[in-house]
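A quick write-up on the structure given underneath.
First chain written, first letter: the chains are A, B and C, and each begins at residue 1.
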Amino acid sequence: MDIDVVLQSFGLISRWQVMLACLVGVIWGMFVGVTPGLTGIMAVVIALPFTFFFEPQTAIALLLGIYVTAIYGGSVTAIMIATPGTPNAAATLLDGYPMACQGKARQALEMALYASVTAGVVSTVVAMTIFPIVATFALRFGAPEIFALIVFSITIIAGVSGDSLIKGFIAAALGFLLATVGQDPIHGSSRFTFGLHELQGGMHILTVLVGLFTIPEIIVRGVEAYRAKVKVTVGEMGPSLTWRQYFRYFPTYMRSSAAGSLIGALPGLGGSPAAFLGYFIAQRFSKHPERFGKGELEGVAGAESGNNAVCGPALVPMMSLGIPGDTTTAVLMGALIVHGLSPGPMLFTNNPQFVYSVFLLLFVCLVMLLVIGYGVVRMARWVVEVPTQILFPVVLIFATFGTYAVRGSMIDVISMFGVGILGFAMRTQGIPAAPFAIAFILGPLFENEFRKSLIISQGSLEIFVSSAISVTFLLLAVASAVATVYLHWRLKGTEGEKMMQA
Amino acid sequence: MEPPFDNGGEEPEGAGDGGVSVAGAPSRRSELPPVGLETITYRGDVIAGAICLITALAGYFIVVPAWVYVPAQFKGTINSPALMPQALFMLMGLFSTVYLLRSIDKYRRSDRQGLAPLSDWALAAGTIGICLAYLGAIYVVGFPVASALCLVAAQYFFGERRWGVILAIAILLPGLLWLFFVKIALIVLPTPMIPFLDFADLVGALEGVFETAAFFFEGGFTA
Amino acid sequence: MLKYFRFVTVLAGVSLAMAAALPADAGEYPDRPIKIVVPSGAGGSTDTAARILAVNIYEAIGQPVVVFNKKGASGGIGINYGINVKPDGYILMEGMIGGHVLHPAMNKGAGYTPKDYTPIAMTQMNPNVLVVRDDSPYKSVKDLLAAIKKSPGKLKFSHAGAGSIHFFGIHLLLKVAGLTKEHAIAVPYKGGKRSMAGLLRGEVDFHQTNLVSAIDFIQAGKVRALAVTTKKRLKLLPDVPTYTEVGYPEVDIFGWRGIIGPKGLPKEIVDKWATAIQKTMKRRGWKKLVTRVGDIPRYMGPAEFTKLIDADFKRYRQMAKDLGILVE
């Protein structure tokens, strides 16, 4: 990192227009993030045409503000009303929503905010200092390497999820099966589309998440509210997060940020796997893994560090190779191209100031997120005072509008209710929803990279052990699987009995 | 009339041991008894296991052959699009067999506790019914009107009885969502079977009123 | 209660204010904003093309034009939606060769053929370029084809999914060179940019893509261009021969984008749009942005555009049949 260049790039962004654009982006991103169904990508797309008329720095400031904030914004609804505002927030929901139900919403929201900002800063620093290394590093991840990484992630996630291992496996198989609906990733032939064109595009992740988490919650709360026959509210936001609580989880932020940064630097994985990986890594290292899923602060910390750590590193392959890490960075890239700053190998050579100014803008956005986010935490108290019998019908309408809005397709709404009924059935028998969601997210990546590797190697399995990176991850996967077995063996007799039971 | 949103003041104090509070009904969610539907029972496990096993078998033998298109040259190869679904149904069959056998065993040795009370299931079915009716209504009367109807039905079913509150929310919320999604986020809503109820017309009429008002306000025909 | 009332009043006020802010004049087409469906993801080149047109065409068409995305199934989802809307000219599509021609040409189950939509006008095109890695031993198209012929089933190429322009382009080359599809192995990637990454990473040996995705890597010396699909050499790449020069003039595949309406769109609306597009394309703002994203402005009117699409569709359908990749 050349200090002179960084100082020059300060000059590029220290203008009021750029700061204003940042602020507008952060506010708009927050608004969209907390509205279920409006994803970060839509927010960026709506703002995109305006940026055609801006200076490049101003344009990118606006879009970055949205990009960073929408990831956090989604967790507000996940915590307050069990509806992930964006797909990235699903892992936050696992512990955040139970915390809100226990009257600790404020702690959950603040932890989500502080963990997001911490992870954002850490990952951006990483991305900025080792920019050229990350760029070549990303290029070394081909299909077999990504496959190995996914296998490793699965071994991290499996085994610690849920009370019963066998129920978790059934849920994962169901989730993976649901992900195979649509076009086959390799040949393009249709699978389980039942002759409907609308299903060719497959199930949207937000449809599945809302169906899986929100609809069962509405059904169960409905039963409760009907029987209670009075106004039932969560009632209070609970105490604020203390500094001690924040600093206690510092290692968690670091570990989950590291996982999130790795996922972010690799094109094509995106924020949701990062969030889940961050969450389960936090559980792996936690002193109380059995408390996860029941309202554990550390779970929120892990999930939010994981998904926000994606931001900075995701910009690296986009700017250095012209390969966007996820759909939102693809739009950012489109904006750069329109401004004549074609991302690719030439961008850093020709215009290093611009590259660094983008990272500096990320810091600015994170600071603004901290301020605006704090305001949103305070506003969230409106939600806890709404009685159940009003809140959950309203959530139902939001979920339906939101699901439709994602792709403008009724088939998504139908699927959402279908998955919702399935999710409710699963919930009544304690079949966990998290493995279902994770399998839905990781399943297609697993299949795609596996089959692509075999096409490249023309059927030979040797390709999976032909590079140092994939061997490393496969060995780590074996180690992690062994550790899982050990964990269960150690817990046997105490919590283990409960975890192993069918 | 009591404040509909804010009931922080009348919080029953000292409902300590998680039970129902002294003042009668509880008002905090955490103080309610757990919903019976979420109590896991061995009988339920047996039923769930059986359903999973049947799904897996049906999937493997009926759904995959019928609904996964496999190009001729990939039949039976590792590159077949059907490979992953088949493997998954097979795994699911395996898991659910283990699950079923274990649950049967546990059920035999347990005190054979039953399922949740029937009334709980009926209530859950009620909410699911509202959801499905809402889905149907979207096709017939369009998103905004269906949402308003759903809000009325669901709030009433969930136990809200103040009609002022029910109607205010049922009218304002779909209206706001419509404005936001259709006019700002530019989502195209599906055309309902009864197009008159399409919100566009309603708002169109409203717009007309405002246009006219603005016209006169700005000085009428002189401009 | 008071607090609650105030909340309701504010909500009502906001909704009315928003309603009042909307324009509402009835009369001649178009009397309200027009929407353009982009059948691919936001941020992609088709999407950017649509957005550039949308921000520039306001003056010529007299109403705001807004863009929304419906991606999936190689464009099939968005196009199936776009062809079935009411043909009143308020919902149109951004046309792209992949979704509008290649996908239905390869998939009988796509749900549409060019007969099901009304081409209005082409706005820009993008030639394709055949590239290999910089350290690759193949210096020309001839070298590459000779190597493929010598060891069939060894060399691999990357593409953005069966039915994409990357996929058809290479198959077209193989076909005119007298080779079969078994001669080279097709490795699918998610999108054109990732298939380029596959080439850079060394997972595949060659790749044919649109100029805009390749130009940066060519200039940075990471990949070498072997041929371009235009009739004349490109100004950007003066040293790269055209396919005509190397003896395969049939490989003239190029990407195009334009505006396409639903089936049964009235002729007045088609003409109105064609004129508006022609007018917009003269604007400096439009030209500047389009050139920046790497496309070549090129106007084609409704009749000519329809002819091009029909001819392309016939040709690629036949090719899909010959190659045995037609999905029934």
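Quick note on the criterion: a contact is a pair of C-beta atoms (placed from the backbone, for glycine too) under 8 Å apart; a residue touches a chain by one contact, two chains touch by 3 or more.
Source: prediction; values computed, not measured.
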Middle chain, criterion being Cα centroid separation:
A
Quick check: which two chains are joined by the most contacting C-beta pairs?
A-B
Whole-angstrom distance, CA centroid of chain A to CA centroid of chain C, is 30
Using mean C-alpha positions as chain centres, tell me how far chain A is from chain B in Å, no decimals.
23
Find the geometric centre of each of chain B and chain C from their Cα atoms only, then give the gap between the two centres in Å, rounded to an integer.
38
Residues of chain A that touch at least two other chains are 42, 186-187, 189-190, 408, 455
Hunt down the residues of chain B that sit against at least two other chains at once, touch-wise.
4-6, 69, 71, 186-188
Identify all positions of chain C at which a residue touches two or more other chains, and write them in rising order.
68, 327
Can you name the residues of chain A that touch chain C in the complex?
41-42, 44-45, 48-49, 52-53, 139-140, 142-143, 182-183, 185-190, 197-198, 200-202, 267-268, 321-324, 327, 330-335, 337-340, 342-346, 349, 407-409, 448, 452, 455-456, 458
Which residues of chain C touch chain A in the complex?
41-45, 47-48, 51-52, 54-55, 67-74, 76-77, 80-81, 106-107, 109-111, 153, 156, 161-163, 185-190, 193-194, 196-198, 200-204, 213, 215-217, 219-220, 222, 289, 292-294, 327
Quick one: which bits of chain B touch chain A in the complex? Just the residue numbers, please.
4-8, 11, 24-30, 32, 35, 37-38, 40, 44-45, 48, 52, 59, 63, 67-71, 74, 78-79, 81-82, 84-85, 88-89, 91-92, 95-96, 98-99, 102-103, 106, 116, 120, 123-124, 126-128, 131-132, 134-135, 138-139, 143, 147, 150-151, 154-155, 157-160, 165, 169, 173-174, 177, 180-181, 184-190
For chain C, which residues count as touching chain B in their complex?
1, 3-4, 8, 11-12, 14-16, 18-20, 22, 24-25, 35, 66, 68, 86, 91, 324, 327
Residue set of chain A touching chain B in the complex reads 35, 37-38, 42, 46, 101-103, 166-167, 169-170, 173-174, 176-177, 180, 184, 186-187, 189-194, 215, 218-236, 385-390, 392-394, 396-398, 400-401, 404-405, 408, 410, 413-414, 417, 420-421, 424-425, 427-431, 447, 451, 454-455, 459, 501-502
